[in-house]
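All chains are identified by letter, namely A, B and C, in their written order; residue positions are counted from 1 within each chain.
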Amino acid sequence: MSLANRDLITIEDFSNQEIEAVFALADEMSGSLSQQSDVCRGMIMASLFFEPSTRTRLSFEVAMNRLGGRVISVVEMSNTSLAKGESIADMARVVGSYADIIVIRHPWEGAAKVVADYAGVPVINAGDGGHEHPTQTLCDLYTLKKERRTLEGLKIALWGDLKYGRTVHSLAYALARFGATIHFRPSPGFEMPEHVIRKLTAEYAGILERFNGVEDADEKGLFPLDAMYITPSGPHQLANIPAVGIQIELEKGVDALYVTRLQKERLDTAAERQELEKNHRVVDRKLLRKKGFEETIVMHPLPRVDELAYEIDADPRSMYFKQAERGVPIRMALIALLLGAKELDIPAAKGPSFARKRDYHVYKRDTGLRCRNRECVTNQETETRYIKPEFEIVSNDPLTLRCAYCEHEIHPQYIASSKWHQGIAENKRYYYADSFMLGRIQQENLIIFDSEDEALARGFKLGKKSHKE
Amino acid sequence: MSLANRDLITIEDFSNQEIEAVFALADEMSGSLSQQSDVCRGMIMASLFFEPSTRTRLSFEVAMNRLGGRVISVVEMSNTSLAKGESIADMARVVGSYADIIVIRHPWEGAAKVVADYAGVPVINAGDGGHEHPTQTLCDLYTLKKERRTLEGLKIALWGDLKYGRTVHSLAYALARFGATIHFRPSPGFEMPEHVIRKLTAEYAGILERFNGVEDADEKGLFPLDAMYITPSGPHQLANIPAVGIQIELEKGVDALYVTRLQKERLDTAAERQELEKNHRVVDRKLLRKKGFEETIVMHPLPRVDELAYEIDADPRSMYFKQAERGVPIRMALIALLLGAKELDIPAAKGPSFARKRDYHVYKRDTGLRCRNRECVTNQETETRYIKPEFEIVSNDPLTLRCAYCEHEIHPQYIASSKWHQGIAENKRYYYADSFMLGRIQQENLIIFDSEDEALARGFKLGKKSHKE
Amino acid sequence: MSLANRDLITIEDFSNQEIEAVFALADEMSGSLSQQSDVCRGMIMASLFFEPSTRTRLSFEVAMNRLGGRVISVVEMSNTSLAKGESIADMARVVGSYADIIVIRHPWEGAAKVVADYAGVPVINAGDGGHEHPTQTLCDLYTLKKERRTLEGLKIALWGDLKYGRTVHSLAYALARFGATIHFRPSPGFEMPEHVIRKLTAEYAGILERFNGVEDADEKGLFPLDAMYITPSGPHQLANIPAVGIQIELEKGVDALYVTRLQKERLDTAAERQELEKNHRVVDRKLLRKKGFEETIVMHPLPRVDELAYEIDADPRSMYFKQAERGVPIRMALIALLLGAKELDIPAAKGPSFARKRDYHVYKRDTGLRCRNRECVTNQETETRYIKPEFEIVSNDPLTLRCAYCEHEIHPQYIASSKWHQGIAENKRYYYADSFMLGRIQQENLIIFDSEDEALARGFKLGKKSHKE
């Protein structure tokens, strides 16, 4: 299996088998990190960090250095390249002509995809705003695999900030693909966003059970179980089971408790922050003594603030420093594979594949439709000169388009067909997107508008049968 | 030919033959960039960027890494070394004792020369304020040579901002040396400065023709041809030819269109900026379809903003990304030669040499004369402790001194002779610089004052015959 | 002798013999700096500079590169890791799992010790606030040794800012250990702090003589001799000698004049700064012509501002640039030894050892005692979560505790014994620290309070016999 010349922009870019290939090579290298210095000799990695990051940047740079390659770095807090008005595409082309591989962190969501589109060399996304951070997910999965021998059928509790942490969203998708059961234990107010839930259930072959107040979590010092995601082939088929069944299930414990830092800086008001302090839970010695946690490993993407007590650092179940340490062999394996410096024989996948649905229709027409995410790369002044918005139509009910760059979703209001009005201007009609007309227009003929003005400007008039009956 | 231990501060530091040597080595290395890792093994390059620059810094660092050498970097936006009051000379000595070669970018004009004066190792100027950026010029010339097979006798149009872009001034001098014809096509208000014109005509063996309104450029969507510089041996001897001759000449087209970003940030008023918008010309598909551009390559030092349309990026005549890419082999060759890691046999130059006149008298007396350029390194508080101002007397009519550091020119008002007053205080007289006395004083005896106060303070009285008759 | 896996946090971490070992290896490497590239091949140094430093960082990075190792760098002016609330300990653990050795500069005093406590790999302190900068001291000593053949029995004048310069304090301790005589010649208002004097006399086997107005220094353009530190075995036993003896001693001159930059930025008022200007002394050609300076080498840790005239740069006695240059072989030797890449046979020390007293009782009880130095790492919000304050009891008269992290001293007011009240709450008494009770309590039973509130909160009542009689 070769991963040469591939990019890693989202964790979904790699199949389960490819992820396992990275792990196999990381295993092979782990024992002899300082003896790998011939693997990428003569090759150069550009490490472009347009947002501060010490840990991720250093682990990538250590990885390339251990492989014998060389590193050129950009560590810029100020917007120097933007100040001169240069686009990401131009920067990507130039750096792509200097280096053999690019690692990029950028504050704009979707920026890594743009770099990959233009660089002409393999690109690794080291975090693009709130969008994705796939190598963190690789490190998370690798630690699970190392500690639990397998990734299939694990039970993982996601704990704390499930709302703002990008790492926890990517991890949830990845766990789903490997057939895991996921317990959602959010800090109140930090629940998993609906679009993540929808993606999990609509695109991966799993089901979601919601549990409100099922257990007296507060008394136990735990966050209450908010929901549970179960992949169908898993042994824990709980659909419609009574509360008592869940209770038993819960008492069996989880394989891992994945803790995240509450991103307090995202909260607007002091009141919100106070509420947060009130509901604050620290993972400490006391919590780890509870029933069901005997074998549970504790993970965290770091940096921690005060959600993990220092007193558990020496506990053999605490895996967060090992998780960070394993970032080096994982990134070494990844870089070596993408550069084609290593190839691997991997046996065919055993068991079911839970790969996500990927056959959405892509909408590219220039009808004024724009992503509504202000942090999306497609909405930045320097980038609009050359990026054409592009969307996947992920649902018809309601009409939902997902930005091909930042994956935020929009719900446009108006539709039309490119076929019906051919030649006859009188027939140029547009309709409400929630009318039955949506079902009658073939996706390849679909025209979508964000506003009536856009439709009128293109010569369309409102059609008769409008709202859904 | 050895370039070992030489510096590259301005493009004029290298002869045409030496430039060709760099190109020959770049050619040799181009095909095997990643097989050069033994050339500079064990050597260290200090990459000191006291001003932001992603592209130039990265290409130098890639170059040294591809040669197998190592890089230490300073990427400082804040004035840390200045904050403690350290001089450039001290910094240069210390870094020169650490590293084998220094690459420096600094906001002060002439700073690179100071580094070269004190470092004790080869120094490459990677941009010293608005003064020089010679390796950009090397890349420009190299692309011209690669695309046109030769540098001799080319026709090049300089387009856009000919006023503020330092790269375009250095390029003009270099083109003159290689016997090129240069078309000046400035955006209105961005004409080539007079001192550049003067240097071109006075120091290189060429002539300048000015053309106002010769062609109805506006109608064609071009900037009007402002002037043309022709080297005497060139085939395009146009002196005093009628407009019709130029018209024919123009229709033959140019070898390259060298486009530059308008440095709008240099304009003071909104009115100026509006005027600029009005006169805005984009190099786009439409322009490249015009007669005379069929074979014209499009060059740009990057970053671009909106003066080059993205739609021409894929056009085979667009060379700007190749130009950037070639920065790596050029800088590899340059570093290897200055470090003495490579030497080259270069046949003697064929054809005429257009090297600039270099035998000006140097004025070093401590008579209070100072460069008037506020950005000049000689005017910085930390540097005045040890730098003595130094000038070349480049003209007598009017008396013109060029700063040996930043090359800005000054026109002092008063002169005297060190000979006439020997022993007899009564004879200490000073004169107006525009009087006939200037011609009577031998340059080695010349004393120059900036003000009457300076003259009086040194015991001189105003002589009788003062102004030019 | 192996220094593998050792840390260098303060100069006192190394014995005289170990310091000589570093010098021996530096000597061995000096002649062939660029032939050492196999020594640390495959090893990685993390260069973490959380405070600006060009010179020190570059010399460490050059050193590791010359050894064939690789470098990953953090050069951060902004408090990025703090912004997310990460502790130094967590950072140290993670980076320690990436790299083979860590070099750290940090604004908090004692930070390097914390890194060493948690990193699990060798740590070199490259400056922790105003606390220590031991590799500068190594370079200073090395230059002395190279220029004077030996370190034993030298006479060194410390000149200028003896108050704020951390390098000069470390140097004084180190000189004391090697049996030097030290002349203190501070700029008025920049005298050596009392705690440094006390440490020199109390912990190293030497004596201090104070001389006020002994010589008419002002007339000679020198700073007056403030005091002299003499190690007992030295040939200059001056205790109680009359002024005339000193005069003769002075005229013999010193081996080195160690000049420091006045840290004007530490002065609060314009008046203070003016006073400083008035007393300003420049080490210049004139001063070096004076009797007694014929053989004196001039040293300076750099950067200089205006305390050393540029005119003496070419003087063969000026050693400051050589001092900087020697930073590279010294740091190469140090890194190679700490990484275990080199070991050395060193004969046993000859002559007396002046190693400092190191057997203080360590006070670790959690009785609310805190270091009063606001810059101490133990007082930073992110660090209090896991660092327990720790002190050495360095004196009983008055009771003086030295912070184990930043070495600042505190004088707590109240004491008690952990023994006397066993079982009987009535007997829980606390006393004034300056009462005779201090002598009656064994150090292992000593309880120390910062305030009466702290004592009362722990159930103690004030005992009868309180103040010293």
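What we mean here is this: a contact is a pair of C-beta atoms (placed from the backbone, for glycine too) under 8 Å apart; a residue touches a chain by one contact, two chains touch by 3 or more.
Quick caveat: nothing in here was measured; it's all calculated off a predicted structure.
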Open item on the list: Fitting on CA atoms only, what is the rotation between the copies subunit A and subunit B? Please report it in degrees, nearest 5.
Closed with: 120
Open item on the list: Can you check whether subunit B and subunit C touch via the same residue numbers (shared by over half) or via different ones?
Closed with: different
Open item on the list: Need the CA-centroid distance for the pair subunit B / subunit C, whole Å please.
Closed with: 49
Task: Multi-chain contact sites of subunit C, meaning residues that touch two or more partners - done: 73, 75
- [ ] Quick one: which bits of subunit C touch subunit B in the complex? Just the residue numbers, please.
- [x] 34-35, 37, 52, 54-55, 58-59, 61-62, 65-66, 71, 73, 75, 77, 261, 302-306, 310, 321, 324-325, 328
- [ ] Can you check the complex and tell me which residues of subunit B touch subunit C?
- [x] 41-44, 46, 70, 72-76, 78, 80-81, 83-86, 89-91, 93-95, 97-100, 385-386
